[in-house]
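Structure record follows, encoded as structure tokens.
Chain lettering (A, B, C, D, E and F) follows the sequence in which the chains are written, and residue indices restart at 1 in each chain.
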């Protein structure tokens, strides 16, 4: 059997890059080098890699091209979407720096991510989040029908449903990503990692502030459901399959349906690491479920 | 931060419409007015809005066009699907009145739904249910291979899997909708609301009547799994993430994995509202999970 | 109401076929006969059935054509994918025999599966698994960028996310399939059945062997989450919505979040059937949840 | 070498059909029988024949489907065109009877036309003329932008340029058809045959009635250019490559650049046949060019 | 019968525009006003007009979008072409002013041209020439493979074959345009009008300067063939169907195959108008062909 | 002005190749080297060049892929066509050697042809002829509906209309190619060159042997029309725009409408070269038209 770490052919590069180079250039050069190497080793994929990466002068153009071709439909043409994405990524350094942060997040946190270009081209969660950021900008500019059209395309194409009004930080990893739902008034901090099927949902049919607020560095396991205007404190960890309906204190771990705090409500165990970055979502196993099966 | 209710620019219109107008005309006029307003404010989307809504003389044509272009593939041409949908919606007042009821359901129950056209164009759950109703008609007419082909396209494009034999009422809201699975012998009443990842599943490999029966006005939270030929009584509420394997009495609330009744099995708490319409899926929090975290 | 077993128009054929015929020919002849019958009864679908099945001289060509047209995109042309699939299926008897085993699995275990061609054409889980096997071959040949491109297309088109390095046996049924996630170092034995939303996930950001090992004949219910390098013993059954973080002994049943063994940890109840084949996922209801609601 | 008449496998059917049948049904039944025969003998084409012919209940639907899929583009969707064509052909018996007359014209006059379905599916000239008739209706209804959009698509897809205002009779054969140009105020009578590269052109930049008037039964050879508001009398014949700038009397033959009348201006030779039907475009060779080479 | 001049609903606007406005803005405003009027009167076309014209902030974007969608193929994506056209038209005032001159040429010289947008959207000759100018720029920048790829797409899509090295002036009208061929070393002056099937061809297989040089204001009739490095003097007129193999003096008229000068070789008739602008291609009829038929 | 011969960057390679290599390999290697060079110098085209040439292991696959993507439509899928072309080119050395001969013909005879890949990818005439050869094979195998479907696609996409029954030799150059029409019983020898708009047409509506027979090495100028079962002797030359209705002796030149022999009917001038290869189509100018203008 192939050992997982043998599959990581390419070591995660030292970061930040040497001072002589800026981050944007460095990352774009890495991506092009990866794509060039892959195109050489796999002629069947070369056309794809040239059209998506190697023919472009910048990451902004590459990602705009890629998203436009992923999200277009017979009634929303790729040229229209390309224009929209290119204008957004070209004019907003904030959007671009979030792209970099998310690429680094995937590369550092997901052992299955073999290269930056792997994430750029293939990760549904990454592509959904970048599109969300553009949709969020449009929403903030009161261009809501267009923002909702992007939202809808992402929900169909990537099965990731992030309302354009939701506010999402940088350094986000949506791993696998299928079925993630993030509601209208949700807020997600920086360096948060979520697995697939995570719901940050609302409460009923009354409008207003009704979705979760996720602190920096939080890790949310697969299939966890967090409902209502609750606060998940920074560095908290939510176990897979948990149902969370009330606040979770910082750096604690909540598990189960309904969720309980590991260590108990009064004196919950506090961890020191940042789970959204360390991705440790099973070390509590011994404390919690060992005795059950 | 934007408050959620500030986002509801357009008040939900008074309904029913003034007597002088019939429901179909009224709703279609609303939709056209919304699309016209959006096309004017957002030229980049005008082409899309004209092709999907404004160029059509009726809602039946608009939705047939939209579904045909969403669900077509290189082997199932849009013109073939358009023909099929148009014939179905044009010839069946029942299908059309279900469209209206579902549009109103989304508009009244989902605070993130800003307009009827928002739902018509963008809601995967809405589009999946309308396609299901056409597939169900075909199934009833013993045109099963075609019904199953539609079923398959919906499962791929919208990630919503409703067997064409399932019987679904009117006034249905599938919110977010990704991952919903409704099996062959399931029955869903009127005015039911379900969140995403809900399963109405079967029991094993023996055919026959093996899926849940969901009463009128039921609300099923995100990720709930209901298995087997069980009855969820009218107006019941199933908490998010619950696993339900036996009957749930009317107007009670079941939560947890496996599910328990709020208030206990003997004297369960009974609510007066219709949760499928009120969408209240967290008021039981205080009773249930408050003490846990 | 239509009784489910009335819907099974076509009895599951006796298998194995008469000795005079080999399995491949027999199954391909069945599929063509089904498609011909459906094309005759439903002219609107005849074009689809000819292009996907009836115009092809072999199942290898039919499935290659079908997958290429399902998975192509504007940047990954159908002709390229067709070449790749056709070469793989034509040159590998192993791949082809797995196709047969999976078709038989769906036909025998899923009462909603009305014919082999129904599965071949419409089952997302079936199509995802066949593509995975091709991707796995490419991965083993160190053609990883191409394997990952296939992986990505399957994740988008079918919402099924199977890492190309994962090792999957034969006779697999992914029923409904939406949202299934199978990680890089997971191993799935023969004759395993999984429902939708099943996760065979990893543990954190360290590479290496970190995903579940699923024994032969295991049945995993909808929404079950199994995390870490744990062993699910042969013939075990995992209840819907369960969260499993440690080993499960052979022929036992684990349910709940976190999962418990039916019958208790010390003396778990052992069943005699092979749940992956019998698909019995509710007979434990009486033992487990009856007393709760 | 294959003799041309051996290629005519199928004799041109006796026409008119037996009294018990109306013309429309008879012709549509012929077409379906041909398509069915071809689908059986050539599985690779069966999908195409089912989608274009055999899945349709009428010739009006078949031709609408076929034209919509031929003429659509990324900005003019096939569903829109299908709607337009279907409405036109369904509501106008005149349009439909012209379709029949043109199919019979091709079948009787062109020895390379092996069947009605061959013409219906493959003849650019036939398809261009049917589209023109729809565009002409739109023009007459003052829907000029739409008429001009159809005109433009035909000019691009078929390289046949017929202004929507031009008036074209029935029983028309545009053989090969590439490069035919027919101007705004041109009139073409019934039972006219034209080869490819024929121009019925105007005179300068002043509007008004400025294009040729072609009488019934005229035959115009390949590459002939007729300019200005001139009259080509009924049953006249225009030699290939001729340039005609003034009137041509009925039942005479004009040849050359500039064109001369065979037999001379004063006493031109008069033929008795109808050249647009007899397709005799070389019998004058002996009189005209024999002595030259 | 509809008189041609009744069809000219919209008078050709006075030009140049009022001093307060620059030419670019004036023309773009005209085009948008036309498109808006047409979209209002014809809802079926509104989507097309919004996507091609009304959603764009400038003529450069509109024409880039339109050409990209016309010329794209499954191997040359519209987003790639859009990028290329947009960069070219945005950065070159020369290209843009040629667009304007050609639009005015079509509108003033072709009585069938009912509006600027009619030409912009529908005229193959116009679209082919604009693409040629971009290809010519690429050729001059030594980007020949890309120039030849554009050349090839134009030859296929519009049936107009202009070698990217050919030098073409401004104010060009290619009326109908099908079949026009302009060779590698051809030069075409300003304000030239050509009808369809015109050839400016070369002489044999030796490279070098081997194609015609067409002076300013020349008019070339339909089907005329001009071969070799010959000079057609300014303001000359070439009759339809003529074959020209040697020089033609300025302001004279050549007709026939092979071509002769009207008035004779020694004292050819000289006209005062500019035929490329006046489009008078039949006034010589009385002198030339009247006596023949 | 760029001199034409400066544009010929790449000298036509010495042929035949060195003995150590076979012709097929040599030519395919040349093509790949050209494509690689172009991909390096023009990143915007690299994706196109990889998908059409560089990702393929053989010329047979490359041309099959290219033709399938050029000729596919929404009702004739690229995968179906690819299968058909690949089978034809792979199994027939005759087809492949004709490809080589035609590539060499274009490269040696057309000074605008800068490389083999330029012809392979961009020349409509080349691509039309290769498709014709496949259609001709199908015709000979009595698979006529499929042959006619290919014929029809070529007529639409390339505006080249060659009946599948026509017999075409090797070393053919159709320069520019738009509007070429070659009828059912036409025969074209080896090493023939034709310009665009050439017609090899029939005579009337009677079937049988009714189209021209073109000898080896013939050159036919632009717009020439040859009608009826006439023989154009080997090495003859037909002037541009000529109309030929009777036999032309070997190695003579026919010009005009109707055509005359240069040198007169009794003692026509005979040339020594092979015009189909020398491409000399203007040296007769001095003899013929000099005195006219």
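Just so we're on the same page, a residue touches a chain if its C-beta (ideal position, glycine included) is under 8 Å from a C-beta of that chain, and two chains touch if they have at least 3 such contacts.
Per UniProt, the chains are A, B, C, D, E, F = serine O-acetyltransferase.
Computed from a prediction, not measured in an experiment: that's the story for all the values here.
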item: Joint neighbours of subunit E and subunit D, given as chain labels; value: A, B, C, F
item: Chain located farthest away, centre of subunit F as origin (C-alpha); value: B
item: Relative to subunit C, chain with the most remote C-alpha centre; value: E
item: Separation of mean Cα positions, subunit D and subunit C [Å, integer]; value: 54
item: Euclidean distance of C-alpha centroids - subunit E vs subunit F, Å; value: 28
item: Centroid distance [mean C-alpha coordinates] between subunit D and subunit B, Å; value: 51
item: Contacts with 2+ other chains: residues of subunit B; value: 44-45, 47-48, 51, 55, 69, 74-75, 77-78, 80, 83, 159, 178-179, 197, 223, 241, 256-257
item: Residues of subunit D defined as touching subunit F within the complex; value: 1-5, 7-9, 38, 41-42, 44-45, 47-49, 51-52, 66, 69-70, 72, 78, 108-112, 114, 118, 121-124, 157-159, 176, 178-179, 195-197, 221-223, 239-242, 255-257, 278-283, 285, 288-293
item: Residue ranges of subunit F touching subunit A (in the complex, touch as defined); value: 39, 43-44, 46-48, 50-51, 54-55
item: Subunit B - residues contacting subunit F, complex; value: 74-75, 77
item: Residues of subunit B that touch subunit C when the two form their complex; value: 73-76, 80, 83-84, 143-146, 148-149, 151-152, 155-156, 159, 161, 163, 165, 167, 178-179, 181, 183-185, 187, 197, 199, 201-210, 223, 225, 227-228, 241, 243-248, 254, 256-261, 265
item: Residues of subunit D touching subunit B in the complex; value: 51, 55, 61, 65, 68-69, 77-80, 82-83
